[in-house]
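Two complexes come next, and they have one chain in common, chain A, joined by chain B in the first and chain C in the second.
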Partner chain A sequence: MKQKTLRPWLLLSPSLTAVLLILVVPVCFVVVYSFWLRSPIGQDIPAFQFGNYGKFFADFFYPSLLIRTIRVALETVLLCLVMGYIPAYFFYKTESRFKPILMILVMLPFWISFIIRTLSWINILGDSGLINHVLLSIGLIDSPLSMLYNEGAVLMGLLQYLLPFMILNIYVSLDGIDKSLIEAAKNLGCTEWQAFKEITLPLSLPGVSAGCLLVFVLTCGTYLPPMILGGPGNDMIANLVFKRIITTLDWPFGCAISTILLALVGLIVFTYNKYMGINQVFKSLGG
Partner chain B sequence: MTKEKDPAFVKYRRIVKRFGNVIAVDDVDIDIPEGSLVSLLGPSGCGKTTLLRMLAGLETPTEGDIFINGKRINDVPIHKRNLGMIFQNYALFPHKTIFDNVAFGLKYRGVSKEEMQERVYKALELVRLPGVENRKPSQLSGGQQQRIALARAIVIEPDVLLMDEPLSALDENLREAMRRELNNLQQEIGVTTIFVTHDQREALSMSDKVIVLKDGIKQQEGTPAEVYNHSANHFVADFLGHPNFLPVIVGEEQDDHMVVQLENGKTFLATPSTQFKRGEKAEIVVRAQKLKMAPRAEFHEDEGMNYLFGKVKDRSYMGGEVSYYVELEDMSTLHIISFVRRIPLERNDEVFIKLNPADCRLIKV
Partner chain C sequence: MKDKLDKKLDQMYESYKAGQLSRRDFVKYVGIAGAAAGIMGGPFGMAGNAFAKNSITVHSWGGSTSKALKQFAFDPFTKATGINVVDATFTGMDAFLTQVKASFPPGGEFNIAHLSAVYDYLRYKDLGYNSVLDESKIPNLKNVMPVMINTLRNITDGNLSAVPYDVGQTGIAYNLDNISKEKAEKLGASLLWDKDLNGRLGTWGGDYRTNMWYAALHTGQSPNNITRINDVWDALKEQRGLMKKYWASGSELMSLLANGEIDATVAWSGRVAALQKQGHNIGYLAPNNTYSWMEYMYVIKGSDMNVAQKLLNFMLEPDAAIAVSKGQNYPPSLDPTKIAMPDEIKKLPAYDPTGTLKGYLFADPAYWNSKQLEWGEKWDRIMAGS
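Moving on to the complex of A and B:
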């Protein structure tokens, strides 16, 4: 009996070890470091004190970054959802010969460095970028529109980074839907649109749910789009961590911020999973 | 039993369906009387499903017309055709309760809440599964899911009930029981039914009429007895089970019989037919169950019977019956199914086989 319960764990042990080493251990270091003390001359002194956390909540500046991060993440989720469902649905429906090529195009951005992709928005949205260049040369505007260094540009950068994740998650879910269910619905009196509402949409929710969660979590931890495409007021929490650790070399404070972010995102993911999460959706399918 | 009203409630006329280069259905006419159960029978890929799906509106015929109750329905969209369909995999909605599954069609027919409840419960009782309305499909067994699919299809009181190999996913014992139940139910509610199957026993035991198809072409239609006893060609005879074929050359008609010559020169008597000319090549088809066999030692000749001689090559018990393979003198093999004998025949026993000319039908080669 005992051996039986042990077996799966034994089989899992190589991957568990890897997860432990590359995920759990660094996180533990971060948490431990967040309690350390930074001396005035810039030394990190081992300690157990809450000064770094106190500093974070001392005034509204740091928490406001956290709130902005969550807000931007939610906006990104919403944008990705709307803009991701449509192509995913198209891939599910199409019988085009070019479907595999189109699918590869969706994944193509993964093959290009994230930094390059983000920087390239400058060439598109910048003052002398593509859009302004075209608009100026056809005389529609007199001076360049300023489209960079605001939240819109950041969202654009996030969107192009995260959209493929959303599309693929939704597509996989849609692709798993037995097409005869839709035929059955139509046979019983549904129009195409009613069948979509009754069958396709609810059955694609696991993918939607997973996609939303993934996009949310990834947005919370990203710093490149705000750094490259955002203005001074568009920093997100990960930018703060980056600055504290890389620029001011204040490791204990940087780790404290990371820990706070980790705790908050963890809490949100936990709650989400509990009430509308992936497990719940699968259960509702009776799987 | 079967109501005799409009001789053809459902009509397929000169239906052709092509998928690219594949001809799935080739110039098929079908008439389905109201209230009857008609089977589409044939091997996999012969176009049965396609024929059914065209009636349901899930495929569009390339050529030809389909009528229900005299009305051409080619251009009626799927959701406006009042047809109950049972899919091969049942296609129950996994995210809806059994109640919502069964009520689905009623919801889109604007039925009131009270009437909906009443009809759903009645349908669940009809398929003998009351009390499962709050469960999800995955919480039911395969046989139960099948009944729910049936309930969902009949609750809307469809003009025609369409079933695509509804029993093929069930295990053998359940299938037999379900077959009878389907039959009883169909007669109880009297709904015109089209039943697709590749299982000839299913088709023969359930149907008022069987339509045999091959490569999208209709081979024969008729009552189960007609297609079984008077198979139109080699394919139909073969597909309906346990045939023996003897190649012959047609001779003259003589006292209610057709005289034919076997390949070994022997003269045989077969049932008369006007379709054959003297000297023409043909085949005698005779079912394995119609052959009588006894040990060679007991041989005695009755007037007007056909005889063959051979040696038992193989024997297998099938419960109450035994299946024998007998090698004839010309090395060809006959399949014989007979009741278990008091003294069983063993392998290599010399036997004689008696064929009643009335069971020896001639078909074209």
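Moving on to the complex of A and C:
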């Protein structure tokens, strides 16, 4: 009996060790550092005080960046949802023999470095980029449209990064719906739209919410799209962490900001898990 | 066996330096010596010991700078001595210092860094990462501008932790297609606040000093003694409204200028020279009290000092230093009154034929380092729209 209880733990031990070493321990370091002090020359002084947290909340500048991050994350979720549901639904409905190829196309961006994908938008949206070049060449505009280095460009960068996560989550959920339910609804007099509204959409909601959660969490922690595609005033909270850690060597304050972000995201994930169950996210990530 | 081989290699290297051995023959002998050591020594590990055990890592700026260092200094050094030079890149001085700070023991994983600005030399010293060079092992130091050596020496109590390597400036680059040279020269630092360039300006987001420096000039103050700090903040806030992009790297700077995304920006002189060489119609403006800096090869505590000194001496060989200088577009630290400079070097921005650097304004390390945290945070807030 005891052996049976131990066996799963023994089997899990390599993974648990890895998680402990590469996730739990570093996060603990971050939390501990957040209570430390920074000396004027950049040395860290061990301490236990809440000054770094106080500094964050005492000045609205820092919470305002957090609020901006949440706003951008929500906008990204909305965009990904609108743009992700349609292809996911198409994959679910199509009987095409090219379906596997289309699915691979969704995942194709993952084969290219995230930085390269983000940088490539400069060549598309820039003043001398593809879109402006075409519009100027055909005489539709006289001067280049300003499409780069603003929040729109940041959202575009986030969308191209996160859209596949949304599509896959929704698709996994849709794929689990028994198609005979829709047929039955139609036999009972439902139109195509009614069948979608009454059956498909509600049953796909777990995938939708899992996709939304994943996109939201990943957006909150990203800093490359704002850094590369953003302009003045488009920084998000992760950019601030980067600057505090890298530029001013203020690790304690940077760690405090990270811990606050971690707590916020943790709270959202906890709430989601309580009402929706986190399993859906893992299901889609696992394919 | 190893000592013997080292001695032979050193002799060959000395002959090569003295011109008694052609480069081709030298490389051939080094190759033969390597093969012989591998074959006669038995196990393959012998060759590895002879040629790969001595290795040193140099972190630099990447792009054209690292390419020049590798091509004209590191590869010839490896060929000459068998010591492998690992060519590494950092994203910036602050990021690199963070890496050094995070290593264990601090600095232990790093050897030499191609750092800019004297305030970093002081920061490394303050954090306890400084080494002490044996200057007798770096005879080529005699060719370096004394003013550069003394600047570093004064910080490290008469010793050196680095050798000065090149001089640069952060001036103003502007698009000659849209801004005339006359206008740029008339406005000087205030070109970066020209309302006609609304939405066509850029600046380096990663460095509060550069931006405060130019804001100080724009508001008529000495950058090393800013007395009306609020004027500087107000100027930077005003500039934010005109700004298109706070760029983050030299490559991004070059891309923004080359693609015509921006018309004017603060810019590193070497990068502007590189753009001009590529045929872009970019002008370079060095207004009065332009931000000047000196770059140096900093040896971090814990490095193999013999190997480091050997490499630094090799890098300061006039042929190597001038070739690197041409490649990276920054004038070398060599004193032009002692070493004849080719015309290509004489035309580079920041070149000083007198070798005294008189009139060059460098950031006062103690002044800027003492304000780093406060001003760095303030600059971040301004960029973010606060």
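In this section, the second predicted complex is superposed on the first by the 261 of 287 C-alpha atoms of A that agree within 3 Å, B and C clash if a C-alpha of one lies under 4 Å from a C-alpha of the other, contacts with A are read in each partner's own complex, and residues count from 1 in each chain.
We adopt the following convention: a residue touches a chain if its C-beta (ideal position, glycine included) is under 8 Å from a C-beta of that chain, and two chains touch if they have at least 3 such contacts.
Being a predicted model, the structure only gives us computed values, none of them experimental.
Superposition of the two structures on chain A leaves chain B and chain C fitting side by side, clash-free.
Of the two partner chains placed by superposition, only chain C is touched by A:227; chain B is not. Look at A:202: by the touch rule set out above, it reaches chain B but stays clear of chain C. Once the two complexes are laid over each other on the shared chain, residue contacts for A:117 go to neither chain B nor chain C. In the superposition on chain A, contact of A:133 is made with neither chain B nor chain C. Shared-chain residue A:185: touches chain B; no touch with chain C. Least inter-chain distance for chain B and chain C in the combined superposition, rounded to the nearest angstrom, is 47, based on C-alpha atoms. Per the touch definition, chain A reaches chain C in the complex via residues 38, 40-43, 61, 64-65, 122, 126-128, 146, 148-149, 227-228, 231-233, 235, 240, 243, 245-250.
The residues of chain A lying in touch with chain B in their complex are 178, 180-181, 183-191, 194, 198-199, 202-203, 284-287. Of all residues in chain B, those touching chain A in their complex are 56-58, 77-79, 81, 83-85, 87-89, 91, 93-95, 104-105, 107-109, 136-139, 152, 156.
Listing the residues of chain C that touch chain A in their complex gives 92, 94-95, 97-98, 101, 123, 126-127, 199, 206, 208, 240, 243-246, 248, 255, 259-261, 369-370, 372-373, 376-377, 380-381, 383-386.
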